[in-house]
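Okay, got some structures for you below.
Consider the two complexes below, in which subunit A is the common component and subunit B and subunit C are the respective partners.
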Partner chain A sequence: MAAAGSPRSAPRGLTGRAFKPRPAANGAGAGAVMEPRAPSGTGRPSWGLLLARGHGPLGFSSSSQLLPPENADPQRTAFLLRKQWTLYSVTPLYRFSNAHLRNYSRLLSAFIAAERQKGWAVEVGVELDIKVAVSSLPDLKGSDQDHAAVLVEVRSLPSPQKTSQEKRIWSGWFCCVCGDDFFENMPEDFTCLPLFLANGAESYTAIVGSWFQKTFDCCFHRLAISPLNLSWMAAMWTGCKVDKTASAMELIFSVPGLLQPLDISYAIHPEDAKALWDTVQKTPGEITQEEVDIFMDCLYSHFHRHFKIRLSAAKLVKVSTAIASAHCDGIIKFLQSQYLIGVLRLLTELAISQIQ
Partner chain B sequence: MANCNGYVLLVKWIPLPSYLAKLGNVLSFSRIATSLPLPSEGDHLRPRIDLIVFMIDIKSKYSLRNVEASLAYVDASFFLGKVCFLVTGVGRLNCCSVEMSAIWKLREVYSSPVLFCELELEGIRVATAQRLLRMLEICAGLIPGVSALYFGSLMSSSANY
Partner chain C sequence: MQRRQSSKTPKQPLQGHHKNQTDLSAWCKGGRTDPEKSVENHQTPNSQKNDRQQDSLEQALCYFEKLQDRVSLKKNSVLQQHLATVESIALQRGLPPEGFDVLLNVALSGKFADTVNTCLLKSLVPASVIPESSIISSVSWLCVGKCSGNIQLLFLKWLITVFDFIDHKEQIHALYGFFFSFLQDEKMCPYVCHLLYLLTRKENGESIQWCEMEYYFGMQSHLQALLSLYKLFCPELVTITLPGKMKTYFKNSEGPWKAAINAIRRRSQGNSPLSQPLFLGTAQPQSRKRKWNTQLFIPASSTNRNNLEQDSGKNHVDLYSANKSFPVEQLQTFPQLLENIHHLEFPSQMGSVLTNPLLLHYMNCIKDESVYLRLNYWMGQTLQEECTWCVADNQYEDEFKDFLETVYKTECFLQEGFSSCEEFLYKSLPLWDGFCCRSQILRLVSWIPLGNFSEMKSHLYDPLAQLFFTSSLYFKCSVLESLKELLQNWLNWHVIHLDSASDSQVCSLNTTLSGLVNVVAELIQFVGWISTVALRLENNPTFLLYFILDFYETVCDMYLRYSLPLLIMPPAGVFYPALLSMDSVSLNQLCYIMYRYRTNLVAAKENEQSKKKILQFKFSSQTYQEYNQYIIAMVGCLWTSTAFQKDIHPQGLRMDEELLKKTAMQELKTSFNIVYHPAMMGYAVLFLQQVMGWANIWGKKWNWYLEYLYTQGLKGLKLFIESSINRVSQASRSKAGNTQA
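The block that comes next holds the complex of A and B.
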């Protein structure tokens, strides 16, 4: 268990378990630290918050808010949860119309079939008949001016011999949640769906992406999330109320520049994190940059007191809470359906700031 | 200098006939400190300081905090044009941990210019070294007719376009 990158012996945490940062041979080291119970007797109700207007230089405005728990139909959006979605930002689509979704399905199926004829294979040795379905998800939008989300699914058809079901092998969806401010002066033929999420083989993402780029003259770019925005998400999601017992809040840091890159995982009990956030946040319903800074500085100084490692000099790469988990390479996982729209709002704002 | 932790670059002028040859290496007549105040043991040996460059790495929040803490130990007379902030790592905005508003606040509060650079690129490194060298010549009083204070006010007025 001795790590080449960590010369110190591990001190005891507050729970009495020993913690060590380990080199990143296979990912994170385990560190679960109990926050000291901060007095949270203010009695502030921690309902969700609303996202405000205004775009800061790096995506989030200086005071932002999240949505209150939505009552979107959970069945229709259940398949979106607990899956890893890769994020892309998309420029506005030219002459896209909801009336022609069936046509688009047919054209995209034909395109994929043609690509396979050319010799592009997803899995060697597997002959699949595939079908593409393009549909609309009217629930996934923030305001009335938003265009409804568009879902693209690539399903494998059961072969006549086997009796297997149709299986979804790749899915991707475009959405726009509260992007109306930015897209106010958009000319008529353009549809604004700045956020694209993909789950499945990378090769299908490339094929579908290139078809959309050719057909609607748009551009896809990977959406990366900076450590600054990740710390915003950590602070915002800590403040959200969750019904069941929440999972621990986990922050993963990467320390570059050593002989072996070191990954540090810092896990915090969700109640303690929430208690800390409640003492920091002054106005319920609003978050400022200073409050996020104070929250993160408290976590960093607690870690430094125990391990003598300055996390503020390391790079925050992943944030995991009960609401969602986000990775700096632009990978997101939704865990709670009631906060789905709220998280999509944040991501839409990031996508818009990348396009601009 | 791949890992910047908010180093403080203290630069003083030494008349060197071939300073042009050392343009790429400003460090030949400078010292690096990781934080202020400087240890008092070397006070009597220390030569006059002409320019202080505070380096902030945009990827490290710690460097910003370090610089903010060190600023408290700088004598007020330095802020008349002999202090500048150098923000490094700006080529990778996807890795940034420091918000821009904090940098602008430093510039306003301390009335000192802010330079941006990317140390990983040779061309930008050399260009930044040239800029710092020119500032150093002015701060050491070697350019007739231009004082450090005048130059500082020129920089701040042009930054507000």
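The block that comes next holds the complex of A and C.
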């Protein structure tokens, strides 16, 4: 019993996870986020209420910060673009080490083989038809403190009879962009890669995820994006410059409380949207909740004038711009490599707020 | 998680029929269930068909079970029919666990010709699991050698294919030697090798030598496989060198079963409710539970392979060779824990400690931050994802309830709250309806660690107060109960911390004495406030008063029992309803509390005067003043009958003479003394009935009456009167009189 005194205080002080009281002046957003039972909700409340700070979502304040670090080669991350990634949040990995990536590849492929054969007698000596590679993606980080992103790929091997090529059948990556605040005070046994993105069959996500959970004692959970965060993305991405003539900005709303699903798509010419945003934004490089609200309200009232439909009563489910597109179910598609890091930074913060 | 899924899925489609199936033996003895009746019960044509099939399968199994003598197939149409039934049902839906025993017994006993036996064996497609007992009896048939070599081979092939469907394997492992002896049979050898390969464990290494000998002669690949496995387990015992790579060790022994099992599995998954798409709000597929990783699941303890792997990376130690750490799976008893405590490692997933008391013991004595961190991350995520009132479409309330219960028990065991649990409560209480998982949530509240006040107020007190005022009397009592537990847990924590503080200099903001005093004071004030309001809302029920006074029983003793320099008097809104309560229980409780306040205050006063150095904490004179006001009111009420004159509390009983006269009541003064007090009147009447002839209680009788009250169990009253009332007649007994300090 004498020993019990000390560990008692340990978890609190050490995690630095003392629950931050919500700022009082965020009435605007609170209503939308705090209604988990509303049929229009994403199914889970956004705990942290992260966006209601003075400086944009979690200090994501400057559009200049959307630019990638200078040394990054866009070619090396090009394969991440134009794919649908399902988002997960991941608690810190326990005893994960970059030095053992090759070992992890081997263990993980054995695990996948075992899982696929589950329920059958072991067939010894049968060659695996898949190959698993765990590798590091050093380009994907926001600051020097960030852990390098980790890529997991499952490839199907060509069968000897056919001359087909190796094919990527599933891929997923862990990353952390500017998560410094989060892993301050983190003991060294833990590796913070709070955001996980997966592309491919969910059965593989399940197997790979289970292996990571078992091996590194972490938890994966789907990362939904609340309508409030989606509107932030809409505003933020509107303000970004894109070289080529960009595609239209599209907002998709779903109307709650109907027997038949009804989606409303609202497309805006990117230059019009940019012009509107420029009139709303007071200080370049800084975004506030108020500005986002004004921006969205302007769009809503414009829509109302033409169609007599109040979009504010519907639920924003998807935002697509030239930078990226995001769905409230937690699915993202990156479209511009120069803004990849910036978008990841925002997603990292969303993931951190979910696991904190 | 994976294990759970895989064992669950094949079972799913059967659940509707299980009742019938498990009744098989009863049915055999007691005759058939009425088919017409069951048709009435199940109106859909599909289930009618199922029922008919069910009946015919039962008939067939019964037939096979009762079979005594050898029967030939050709002449026997009954046998043909039953055989066809078993075959078709097996291929369609698989056989229930009960069927295997019967059919294996028949097939291996040699009662039939080999064609029938083959047919039976080929039909042995499991729908869910295969009971271990049926395998054991089959092996005994093999040993007796009643069946032909072909049937033996077929059985072995079948056993290899369905190996993972067998529900337990302990007893089969015990038969290792029997299987090993079959190796001598040339035909059976490859399959037996495969089977042994599946069965072999580390301790089976002693069989190596014979195996090696055989291998010298034949170099068969199946023996090589077995040897390579032995080598893996006991490298020191295998003397021969094996060729490096070999592609296929074992012949494919899937036989006809694998395809059938696959087909059944596919079909059953199609029908199972779990995999059916939910048609609620098709716009957003929110069938959360179907998604990976969305089941509430406490992982099983398993050794941290990750560490082993990393070690082996350094010095090439084989995974299975004698490693230093003791595998947690083998930890079964407390002595084992004590023996291995220095080379025990936590499981790969910390969540598993929740269901493992031994590991909780271990956790209690290991001061490793990462242990708590890992557990907290896991628990925080699980609570957040599974919370039934925070996550839409989550109907798994019972599961969640059990989980909360487990968490609470763990907290009790470790005698401390988890920070993840605290955060969960802070986040979810504002959304809570006060009904779902009520007792679990309120019990978890009692383990909230000490925090700072602003946090507690906005995240605990405010949402709790809202629910408290709008909910039933029972809810109010439960809240008070759990806040009492919370206070006690904090105080206990403080006492333990006091003991260990001398040797450690850890003094975070939460743990400084002034911080602690403030947080405790806020809690007591909060309870005082909600109690006052609740008493008014509910019209002073005794039940509620009991829980409130119970809370103050802890409060009044904090200085002496928990060495906390803090005493807070109950608010007038609690004190006066208790004093004027209709119930002697409340009054007695109040007397006891006031007695303890007195004892604590006197002790504090003495301490202050005796110690020369300036104490960091002194009770404010306000506390003494409040106590004195209450004691005057109480003594005035119960003893001197002067409550209306002497009560000086602003919210007290003091009333003008004029006003009292207007009530036109007689003997108003005495109406609250220990004789006439509504809570005591009953005692007075009984007392007078016992000592007949007296009309009133005065003088000596007053003392006798007091003695009578004490014998009636009013211990609190006794302590109060003996300590706080300066009795002229017994001045020697009560020492200091009241505390006009």
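The rule is short, and it goes like this: the second predicted complex is superposed on the first by the 275 of 356 C-alpha atoms of A that agree within 3 Å, B and C clash if a C-alpha of one lies under 4 Å from a C-alpha of the other, contacts with A are read in each partner's own complex, and residues count from 1 in each chain.
Just so we're on the same page, a contact is a pair of C-beta atoms (placed from the backbone, for glycine too) under 8 Å apart; a residue touches a chain by one contact, two chains touch by 3 or more.
Remember, predicted model here, so these are calculated numbers, not experimental data.
Participant: Answer with first, second, both or neither: which of subunit B and subunit C does A:214 touch in the superposed model?
Facilitator: Second partner only.
Participant: Could you look at A:261 and tell me whether it touches subunit B, subunit C, both or neither (first, second, both, neither)?
Facilitator: second
Participant: Once chain A of both complexes is superposed, is A:190 in touch with subunit B (first), subunit C (second), both, or neither?
Facilitator: So A:190 only meets subunit C here.
Participant: One more residue to check, A:312. First (subunit B), second (subunit C), both or neither?
Facilitator: A:312 contacts subunit B only, not subunit C.
Participant: On subunit A, which partner touches more residues: subunit B or subunit C?
Facilitator: Subunit A has more residues touched by C than by the other partner.
Participant: Overlap of the subunit B and subunit C footprints on subunit A, residue-wise?
Facilitator: 328.
Participant: In their shared complex, at which residues does subunit B touch subunit A?
Facilitator: For subunit B paired with subunit A, touching residues are 2-3, 5, 59-63, 65, 93-101.
Participant: Using the touch definition up top, name the residues of subunit A that touch subunit B in the complex.
Facilitator: Interface residues on subunit A, with respect to subunit B: 56-58, 62, 224-228, 231, 257, 289, 296, 310, 312-313, 315-316, 328.
Participant: In the complex, go through subunit C and note every residue touching subunit A.
Facilitator: Spelled out, the residues of subunit C in touch with subunit A are 1-2, 6, 160-161, 163-165, 194, 197-198, 225, 246-250, 252-253, 258, 261, 265, 281-286, 288, 291-293, 299, 302, 304-307, 309-310, 313, 348-350, 364-365, 367, 369-370, 372-374, 376-378, 380-382, 384-385, 389-393, 414-416, 418-419, 422-423, 426-427, 430-431, 449, 451, 454-455, 458-459, 493, 496-497, 499-500, 504, 506, 508, 510-511.
Participant: Could you pull out which subunit A residues touch subunit C in their complex?
Facilitator: For this pair, the touching residues of subunit A are 1-15, 17-19, 21-22, 34, 36-37, 39, 41-45, 47, 91-92, 94-95, 97, 100, 103, 107, 115, 118-127, 187, 189-190, 202, 205-207, 209-210, 213-222, 254, 261-263, 317, 328-329, 354-355.
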